[in-house]
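Read from first to last, the chains carry the letters A, B, C and D; within each, the first residue is number 1.
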Amino acid sequence: MVVEQDAPEIVDIPINMGPQHPSTHGVFRMVLVVSGEQVLDVTPHIGYMHRGGEKLMETMDFRQGIGYADRTEYLAQFSAELAYCLAVERLMEIEVPERAQYIRVILTELNRLSSHFMFMGAFGIDSGLFGTSFTYAFREREYIQDVFEEVSGDRLMYAYFRVGGLAWEVTDNFVERVHEVLKSSAQGIRDLDDLLTRNEIFAARCQNIGAFTAQQAIANGLSGPLLRASGVPWDLRKDEPYSVYDRFRFEVPVGHYGDVYDRYLVRLEEMRQSIKIIEQALEQLPPEGPIVPEKMPRRLRTPPGEVYAKVEAPRGEWGVYLVSKGGDKPYRLKMRSPSFCNLSALREMTIGQYLADAVMILGSMDIVLCCVDR
Amino acid sequence: MAEGEEQQAAPAPGAADGAPGSPPPPEPSAAASGTTPAKPAAAKPPRPAREAEPKEAPRVAPPPGSINETLAAAVPGVAMRAYMVPAMAGESVAVEVAPADVPAVMTAARDDPRLALTYLRCLSGVDWQDEGLEVVYHLASLDTGNQLTLKTRVSYDDPVVPSIASIFPAADWHEREARDMFGIVFEGHPNLVPILLPDDMTDHFPLRKDNPLQEIDEWQGENLREGAGEGDE
Amino acid sequence: MLGILKSMGMTARACFRKPVTIEYPTVHREIPNRDRAFPILIWDEEHDEPFCTGCHACERACPVECMTVVMQDNPKFAAGESKRRKIIDEFWIDYGRCMRCNICVEVCNFEAIGMNNTWAGHELSRYDRGDLVMDLDMLLSQSKKKMVDPGLRA
Amino acid sequence: MTVLGAPLVNLNQHWLTTLLGIVALTLVMTLAVMFATYYERKVIARIQQRLGPMRTGAYGIMQPMADTLKLVAKEDLRPATADPVAFELAVFAIFIPAFLALIAIPYTQDWIVSPLPLSLLYLLAVSGLSFIGFLMAGWGSDSKYALLGGMRAAAQLISYEIPLILAAIGIVMITRSVDLSAIVIFQHKVPLIVWQPLGFLIFLTASIAELERQPFDIPTGESEVAGGVFIEYSGIRWSMFQLTSYVNMYVFSLLGALVFLGGWEWPFGRDVGWGYQLLLTLAKMSIFIVFYLWVRASLPRLRVDQLMSYAWKVLIPFALVQIFLNGLVLVYDLPDVALLITSGAGAAALVYFIYRSVRVKPRRPLEMVANSVAARSVV
């Protein structure tokens, strides 16, 4: 007997993930259309954290804006500050003293370490670990933040870089403290490596999902570890060296598969490279010297012009497009945030994967929602 | 500073199609007096005259052999205005094209092997008030190291630019953002709905200059004393 | 299999390490001298008055406009007890708005404002955001009682 | 092979005694669960280099009390669109089977609420009931997450029930009894883990899956379905779910301790008094519990398809192999050591098979680019 008319209609369920969901890493919402466990379509919704930072920064002079750069990218604050300062310095043609350059590099790389630790911890949780990777990663992150606090006075919103150099001198025991922290960070990297990398369940969850080819990655404007995991050796620290990055010997890890596992590996390796960079920078750091240029104008006024300054932030290319009409405030300031650009590829990566993989793919992008929404 | 300004000044005479009024007369003089030993007459350090500060960026012609020539060869028949701005010097050449030509130029820039500008770094809107709205595309090549800044202007009344989301998927969200903030309509975009702003906010463009920031309602001083506890239960 | 065992070995090893957390509200971590909590005003012991002359420099430089300054003629100057012509009359800082950027400290010409570097400067939760607006007395009280040695200057 | 008879040790079979036993067991189990939550938090905290609960009582010993009070006092919400019957009854559909299982477990030789001649079968049957409750909760909550979680739970519980039962059949074949007391007494000299390593491995993994703990916590996966079936539950109902899951953990730990580790019988025999017997049972049970906690803190979660293929493609075939091997040994009346050899070989094969199949496939390692980029002549 055929009971066709009674056959239940099979429908695809739209699932609303977020804005409050444990694994959206902030107020991010994606509407997944699933057929059983398979994802058919994804619609990301962002903008919950939009604070008009670009507009606000148009009303701030070049010192005041630094605090906002921090708040835009709250996991890689020094990178955001550095990009902003580089833009203004390029426009004003200020030469930053050596010592300040090195300290900037050391702090930015430490910041990369702490940001990647954050990724490792959160990614472990995305993959279903009961917080173990998170606590190991945060242990190291806190040690790094201790150094930042000793130097800049704050644990999160450092506001320490200034146009032309640094706001104030580092502490006397800065070098020893950084060495200590590097030692403990190396331990933390080993811990996370032991915990995750070879773990078969973790590998089975990560491998071959969300894979992007190099062409796809480039076309979608990915940057940072995502681009490198797809096999494009593109690192602004090497390709378009800013600050004093051309003086260090380090390697850029490049993946072959472009999947989530490669992104994880690339980040893990980048952390080791960061330690290498910091060690070299500490060696080369001039023990004495000014931290702001001697001929520093009292009021920061830029000539009219425009500049696109970019740095390799932990999440990718952090760009600042600064248009000035003269005066002490930007006329237009666009922040090219890597999280925003990377996230725009989410749809293409996720379709056809499992629901659980959607979480892993989103986690592997390591987005910062403040940085996405600005 | 002085050195830099001299560098800027040097190529200035060669500027062929720089913006009108761009020659920077005050700067060389300021630079010169800054570098010369202090004259007794000018006891006060000679301030660069504020009024004379140029309001437009000085534009210089890109050196011969720059990328704009390749681009012009790749898309013949498209009117282009190429220039450089000193702060960008040595990095990227700006090319201005008409809005209608953007897709053709973009396709050529991506596909021409001499250019290979496959990577769209950034897409920004700029509000130039009386001079209309500008869309700035930052392109880069990950193979050749080429850099290009492509610009196009549209008027307030008819802010329509052809979308390049089909050429560069990376432009998708950037264009939506530029629509949110500046009201630039990207024709042919698959899904031009607000991205950062609320879904119904389609008639108000926050980053345009005619949208000043709201006054901060202060919670201190007299305000606090008068309004203390108001609205708090 | 081996990787799973490695993971479990890792966690087993970690079990025998010292815990790194502390019982926060009862145990306080030592905070460095440079720690930046919220800005406070500093008391001039010598002249028994605040250092602040109410010059509005910090108010103008504040990116978030969290400060309100009112200046007055210094009565002690008229009496010859002080060299300050002008003195602060009223000063409000909205701690709920302050973003602790240290700019007010940098622009101050009299070293009259500093960043609180004690735990008291961090543990400021209030039930009403109006209570976060500090007036002159509250801003000076810690320095008056010598509870704080303001840390970061530039 | 000798078959030991099952001298059933009865309490005075009066309904009042049984009732008293049930009440006492429920109360003791509730306390035990409260302790388990505390213990779990402390153990996992140590693994994660944290202090864990420290503030209620000395070393946070009163934390479970505080948690319970808070949960009981919390507002009990039911979504307006939920199916009231399914939503409300789901709690009991999960809660009651878990407690039902407890009455058939011999804690010592004499301590058993209701001695059943089919207690092993009864235990497995009762513990297999809970998936109905999960389905009810998932459907009744009228939430997509809950529905997904309920579906996952049903699929997972049914799938892993099979290897569990098959592993138990292997035991039953050897002991020729489905009475737990008899099975324990059978292990007078040697615990069954020695004769049945393969069955033990299957039981261990399947029990983790039945308990829905990491790495098999897919129905409740926090980062995917945000609590799954429990997403709409709060207060006392939610705490009953939690209570149930911990009771289940005790049940499976006890089952493992009794069936594979010799329970109260091995190694001291029957005559050491109930105190030692109880202690012995609890000690063996806690081995399982520590293992569950340790695994929970160490391993990420599997994906649904991986989970299902693990059950159907790995565990069930190997469980059948175990039964087959046992059958061979029994039919040809081989000495006991043949059991060890065959099952040990099977266990080794299982380990090797898992090792081979889940091994991280060798991939091209990351390429470390030192200089080629700079050679690209960036302006």
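In the analysis below, a residue touches a chain if its C-beta (ideal position, glycine included) is under 8 Å from a C-beta of that chain, and two chains touch if they have at least 3 such contacts.
Keep in mind that this is a model prediction, so the values were computed, not measured.
Novice: Average the CA atoms of each chain to get its centre, and name the chain whose centre is farthest from that of chain D.
Specialist: Comparing chain centres, B lies farthest from chain D.
Novice: Quick one: most central chain, C-alpha centroids?
Specialist: Ranked by how close its C-alpha centre lies to the overall one, first comes A.
Novice: Give the chain pair, either A-C or A-B, that is connected by more C-beta contacts.
Specialist: Between A-C and A-B, contacts are more numerous in A-B.
Novice: Could you grab the centroid distance between chain B and chain C? Build each centroid from C-alpha atoms only and quote it in angstrom.
Specialist: Each chain reduced to its C-alpha mean, chain B and chain C end up 39 Å apart.
Novice: How many angstrom lie between the centres of chain A and chain B, each centre taken as the mean Cα position?
Specialist: About 25 Å separates the centre of chain A from that of chain B.
Novice: So how far apart, in whole Å, are chain B and chain D when each is placed at the average of its C-alpha atoms?
Specialist: 63
Novice: How many angstrom between the C-alpha centroids of chain C and chain A?
Specialist: Each chain's C-alpha centroid was found; their separation is 29 Å.
Novice: So which stretches of chain B touch two or more other chains?
Specialist: 91, 145, in rising order.
Novice: Which chain D residues sit where two or more other chains touch them?
Specialist: 47-50, 297-299, 358-360, 376, 378
Novice: Indicate the residues of chain A shared as contacts by at least two other chains.
Specialist: 132, 136, 139, 195-196, 198-203, 234, 239
Novice: Per the contact definition, I'd like the list of chain A residues that touch chain B in the complex.
Specialist: Within the complex, chain A contacts chain B at residues 46-47, 50, 52, 54-56, 59, 90-94, 218-221, 232, 234, 239, 295, 297, 301, 303-308, 310, 317, 319, 321, 323-326, 331-332, 334, 336, 340-341, 343-345, 348, 373-374.
Novice: Could you please specify the touching residues of chain A with respect to chain D in the complex?
Specialist: It is residues 13, 15-16, 21-23, 34, 37, 124-132, 134-136, 139, 195-196, 198-205, 207, 233-235, 238-240, 249-257, 262, 265-266, 269, 354-357, 359 of chain A that touch chain D.
Novice: Under the stated contact criterion, what part of chain C meets chain A in this complex?
Specialist: Against chain A, chain C makes touches at 1-4, 6-7, 9-11, 14, 20, 31-32, 34-36, 61, 63, 99-103, 106, 115, 117, 151-154.
Novice: Please name which positions on chain B make contact with chain A in the complex.
Specialist: Within the complex, chain B touches chain A at residues 1, 3-5, 53-58, 85-88, 91-92, 118-122, 124-127, 136, 138, 142, 145, 149, 168-174, 177, 181, 194-198, 206-207, 211, 213.
Novice: Mind pulling up the chain D residues that touch chain C in the complex?
Specialist: 45-51, 54-55, 294-295, 297-299, 351, 354-355, 358-360
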